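In what comes next, subunit A is part of two complexes: it sits with subunit B in the first one and with subunit C in the second one.
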Partner chain A sequence: MLYKSVNESFNEFMIERSDPKCIRCKVCVRQCAYEVHSYVEADDRLAEDNTLCIGCRRCSALCPTGAITIRSNQETFKKNESWSAAHIRNVYAQADTGGILLTAMGNPAKYPIYWDHLLLDASQVTNPSIDPLREPMELRTYLGKKPDRIEVVHNEKTGKPELKTKLSPQLTLEYPFIFSAMSYGALNLNAHRAMAAAAQELGTIYNTGEGGLHKDLFKYGKNVIVQVASGRFGVSEQYLNAGVGIEIKIGQGAKPGIGGHLPGEKVDDQISETRMIPMGSDAISPAPHHDIYSIEDLRQLIYALKEATNYTKPVSVKIAAVHHIAAIASGVARAGADIITIDGFRGGTGAAPQVIRDNVGIPMELALAAVDSRLRDEGIRNQVSIVVGGGVRNSGDAIKAIALGADAINLGTSALLAMGCTLCQRCYTGKCPWGITTNNPYLAKRLNPEIGAEKLVNLVHAWGHEMKEILGGMGLNALESLRGNRYKLRAVGLTEKDMNLLGVMPAGE
Partner chain B sequence: MKRIYTIEDACIGCHLCEVGCVTEHSLSKDPVKAFLHEPERPISRCTVEELHGGIISLSTTCRHCDEPDCLRACISGAIQKNAEGVVRIDTEQCVGCWSCVMACPYGAIQRNLKKKKANKCDLCPDRKSPACVDACPNRALVYREGSQK
Partner chain C sequence: MKINAQGIYYRDLNSTIREAVLAGTDQIELNNVNGQYFIGDGINKPVTITINGVPGNDLAAFMNGATIIVNENGQDNIGNTMNAGKVIVHGHAGDVLGYGMRGGKIHIRKDVGYRVGIHMKSYQENKPVLIAGGKAGDFFGEYMAGGVLILLGMFTDDPAKDKHGYLFGTGMHGGVIYVRGGVDESRLAKEVGVFELDDDDRAALEGYVAEFCQDFKLDVQEVLKERFVKVLPRSKRPYGNMYCPMPK
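The block that comes next holds the complex of A and B.
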């Protein structure tokens, strides 16, 4: 094609436009953030440049007559089982640019998904199932350190029993879901407003991510976990005390061992004020925390944060699921963390080198089972709550995670999808056509925080209802009764070793 | 009375309110027919105004004022306010003098130059809520009880 490189001409998507249906309203022209569509005045027709299309489907969704269809480009390279079209395109792109290939969102590669090999139990004859519409069903979750034992004393004055043991601070969640850490900067303020408002309505928690907490969102403090990452953006005493919990981010499932980089172009006045960095300057999160090179160093930071907040807030440590996750988690627990957050390799990102995202880390299912088993074996499981994220796609996956030993689940990708994301994996361009991962004011308006919050609330309500149904079917009336109860899981199509790691029996046994 | 309110922060400048309005006021009420096949395409009663390349945008529509300046300016009695408070134009009576266009402080009346008739929002009498409100993908137009301001 004229003025296009060979690589650009091997485009991934094709735009099919039905001319009899096209009313020339130009919605597609206005809505495409990648300038695919154009109006040719002289001919009174719409034209498209397929090479620019990223397949976000914004145009087809907003076309009032359904005249646009986005298809994957059927034009093909010679079939090759080793070299897929994606591999070939990537080589061309790198031969053009000489750079690292960037991508976004979670690992989309074809690795086994363990959720799809686990099945849940239900009651039949020998134990009664419970109807959640008629009987109370408990999803409430407490996150934080639980005491080894509790002591109850009789209060002479009131004549009632009283808890003598001093409990550690706990986070109370009405649903076992947390809106995952996605920083202000990576996501825009509208997305953060939506998550914060939804968390408040649901009685659950929203994690700020590493970009600080915008001044308008301090009012949601009772539903906020503030994050402290290696860049320390927006961290102040006021910030640490703004939420109900603090999270130290060590790693991220999509890019374990890799830091973050918010390009200076995205740092506008609001982000600059919130992150406490100059406008237009790159916000670089180093790969490691330069004050944490050991478990002992981590302990220092955990206790520094606890000291700064007068021991009133539980401290979470977020780590990516990697090979020695169980040993690392044990160290984190012993370092004084109240919550361990494990981010699996399917967890999302706003920007990561593709080779890292697609090849580094391990599945969250295995990491969760390994950590839960290890902490139980060491007798310290009660000292920490486990929050998991990365690849929970529905309430079924969520409840399997609970049965494998998770206390709560981080919703990242699913929360973005609820707000309108179509997983086009182009967050790193800053041109999100759905107005979620862009700070361009023209595009950011597309996410109405009121609608976003409603959708998030609906999603969690829907999953909550489904989880209650599943629990009722198993004859359980509280999520607490399922937590770590792997007896309620059976495996299909897994190897002996997989089942040992997951701690589940094969179906039929 | 129920009025249409524009939420400026949520307006994405897609102009679908205009498409909805044209479709609703066409003969067929079908967008493809209204835009491509009907002999006379209606003029949209709402117009999206844009500033700074669309960073600021909003759809302007008739406020259905309590004391409408357009009604007072109308020389032929074509503009009337009904019992519910909706201000409509009787096109039979309109003589195309454009007095209402000049009088409206919101720029909410359009000129149909072909027919020589003024054109304004009628709050879609055949619909539960106006077409522009239903067409908006981002809830930038809201139909609710409230004052003209």
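The block that comes next holds the complex of A and C.
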């Protein structure tokens, strides 16, 4: 605590240590990536520097005797409804450094969460519910362009009907979940191994994110979407052909409209090789793709990718949920995308300016409803699948998203939580105490890829099970029957306008 | 193999090329090309495609090992995220050439447009080289992370134009740019500085220029007799000090 600047002493967390419980094992000293704990040899006691604590709870979780408790610092500034402690401390930090405030993970600010105002229907008396434990229940999801109509002809030789219509390439997901694009670099290889292996086990997809695909992970190709972002990291002809789909990243919910700088601290030799940038340099993703300044240019990149892969892979375009999302999505669909991925403003990030994360974009629920309605109105909803992400916290949110019109859900934050993240929002430091968003080998080995994969598989199994129960309760036996079926949703505590935008009726009606 | 591209839709033309490459053809001549997109896109065999006419955008995008010779002018996005191979354009070319290029060579005899060599990158033996014999527009070498850009300023359709535009090397954090006859320092971005060539530079440059001159039947000595300068990034992390962590 000594020799700190005044501002550094307005710390957010306090460490409480029970001396009778402490056995001086020094686990806390070894586990803390931020060097909060230290052992004082002379007194045979553990000491802490509260000003360094980020509240990740690694020490309290691993303390074998439960001697450590992390509490928020109750010492306060004078109560002020306008200036919260966070506002005040941010000003101090910026006055000290002149820097853009950097943060991570999704928008934690107090904005309405529409999931919490939507309720699902269930069958009673007039139509029977279905018991998913004893009857088949279908969660399988196909992503890609669907034909306007299909033509079936009679095959004279086999005597059987045959599909004459040529179908566009599709992604097959056994669960309507995709492990969201979180780049190799932002996350370490262990996390990527876990997601890739889990996707394979589940029969679903893992998105590489914009940092390329590590050479060891090419073998998971059937369960991989490769992403192409403005930095074009790790993008080559082999990479494009390595997965089953390609995603063009235009925007990200946590930071719409801006690019990204993966801090040089995280660029080690493996990441340097995969991304093809110098070790220790920032991996800079420009704000726009400099070959895309219009919908026509987007079409050009979509078709450049399709040409490069001989039209064998669906192309997704990921955009952040922003004000004119419906018109933008219509343009994206018409530009030839097979999948539109919409990232809401609660979507996570490894690093973003706080002012952007907390103030730019719109909630995914509204964006999804607007896009689904618009594409239906224009008669082009079948031309694209819609994948949404950014703020789906449980299977209830997920199934509401399906009812609002989503084809599949991106799991980002929830996948990280499954692997042990505690949402401390410090991914950009490269010192993740849980070994997920760090490339420091000492920290990264805390994430065992096999255990990580198992947890991801468990989570998706659990959510899948819950979704089947909900579907069965509604008397539906396939997720397809719920897709865009907003009749199965009712709103509580929303305004007339909100309900119009969401296309749902009030509860009771 | 010769293909008359007159009036053929780009998708059909490229499909014909792909099938021919797959069947083992190693020489393809395209005649009457008139703006067809994506020629050579994603081709991963060492085929040589000669183009008579003007190919459209995204020529050699994602290309991985083929050679393309354009006997007239090229358009935008040549060598977009190209991995290996070579593109030779005997005329001038457009904007955003070699975007995200990871390897191989692009030789343009005359002028190039805006944002050329943007975010080129390299790793060990994968080292892209883009040489423009004429003049360049703004944002030359923007965000460059690796590889080699060379600007000669010699062969141009517009003698009155400046050799290069504004914001030269903006955001550059890796790689090297060589410019014949010096640069206009008032037009350099703040992230780069100008340096003298050392012996290693000169040896490398002579090799690159010799190959360029061979492609266009030019006199190497004539090109090399002028002084070259080297433009390098000042930092691997041009934006490393831009941020302030959230207070703890």
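One rule holds for everything that comes next: the second predicted complex is superposed on the first by the 507 of 509 C-alpha atoms of A that agree within 3 Å, B and C clash if a C-alpha of one lies under 4 Å from a C-alpha of the other, contacts with A are read in each partner's own complex, and residues count from 1 in each chain.
By our rule, contacts are C-beta pairs under 8 Å (C-beta built on N, C-alpha and C of every residue); 3 or more make two chains touch, one makes a residue touch a chain.
Keep in mind the model is a prediction, meaning the values are calculated, not measured.
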Task = Based on the superposed arrangement, let me know which partner A:T65 touches: subunit B (first), subunit C (second), both, or neither?
result = first
Task = Specify the partner with more touching residues on subunit A, choosing between subunit B and subunit C.
result = C
Message = Let me test your reading of the model: by the given contact rule, A:Q94 touches which partner, first (subunit B), second (subunit C), both or neither?
response = second
Ask   = What is the contact status of A:E378 with respect to subunit B (first) and subunit C (second): first, second, both, or neither?
value = neither
Query = What is the contact status of A:L52 with respect to subunit B (first) and subunit C (second): first, second, both, or neither?
reply = second
Query = Touching subunit B and also subunit C: which subunit A residues?
reply = none
Query = In their complex, what parts of subunit A are in touch with subunit B?
reply = 20-21, 23-27, 30-31, 62, 64-65, 435, 441-442, 445-446, 448, 450-451
Message = Going by the contact rule set out above, which residues of subunit C touch subunit A in the complex?
response = 11, 14, 18, 37-38, 41-42, 44, 57-58, 61-64, 76-77, 80-81, 83, 96, 99-100, 102, 115, 118-119, 121-123, 126, 142-143, 145-146, 171, 173-174, 236-248
Query = For the complex, which residues does subunit B have touching subunit A?
reply = 7, 9-16, 18-20, 23, 31-32, 34-36, 53-55, 135, 137-140
Key: Of subunit A, residues touching subunit C in the complex   = 7-8, 10-13, 51-54, 89-90, 92-94, 96-103, 228, 230-233, 235-238, 240, 261, 263-264, 272-273, 275-278, 280-282, 284, 286, 290-291, 300, 303-305, 307-310, 353-354, 425-426, 428-429
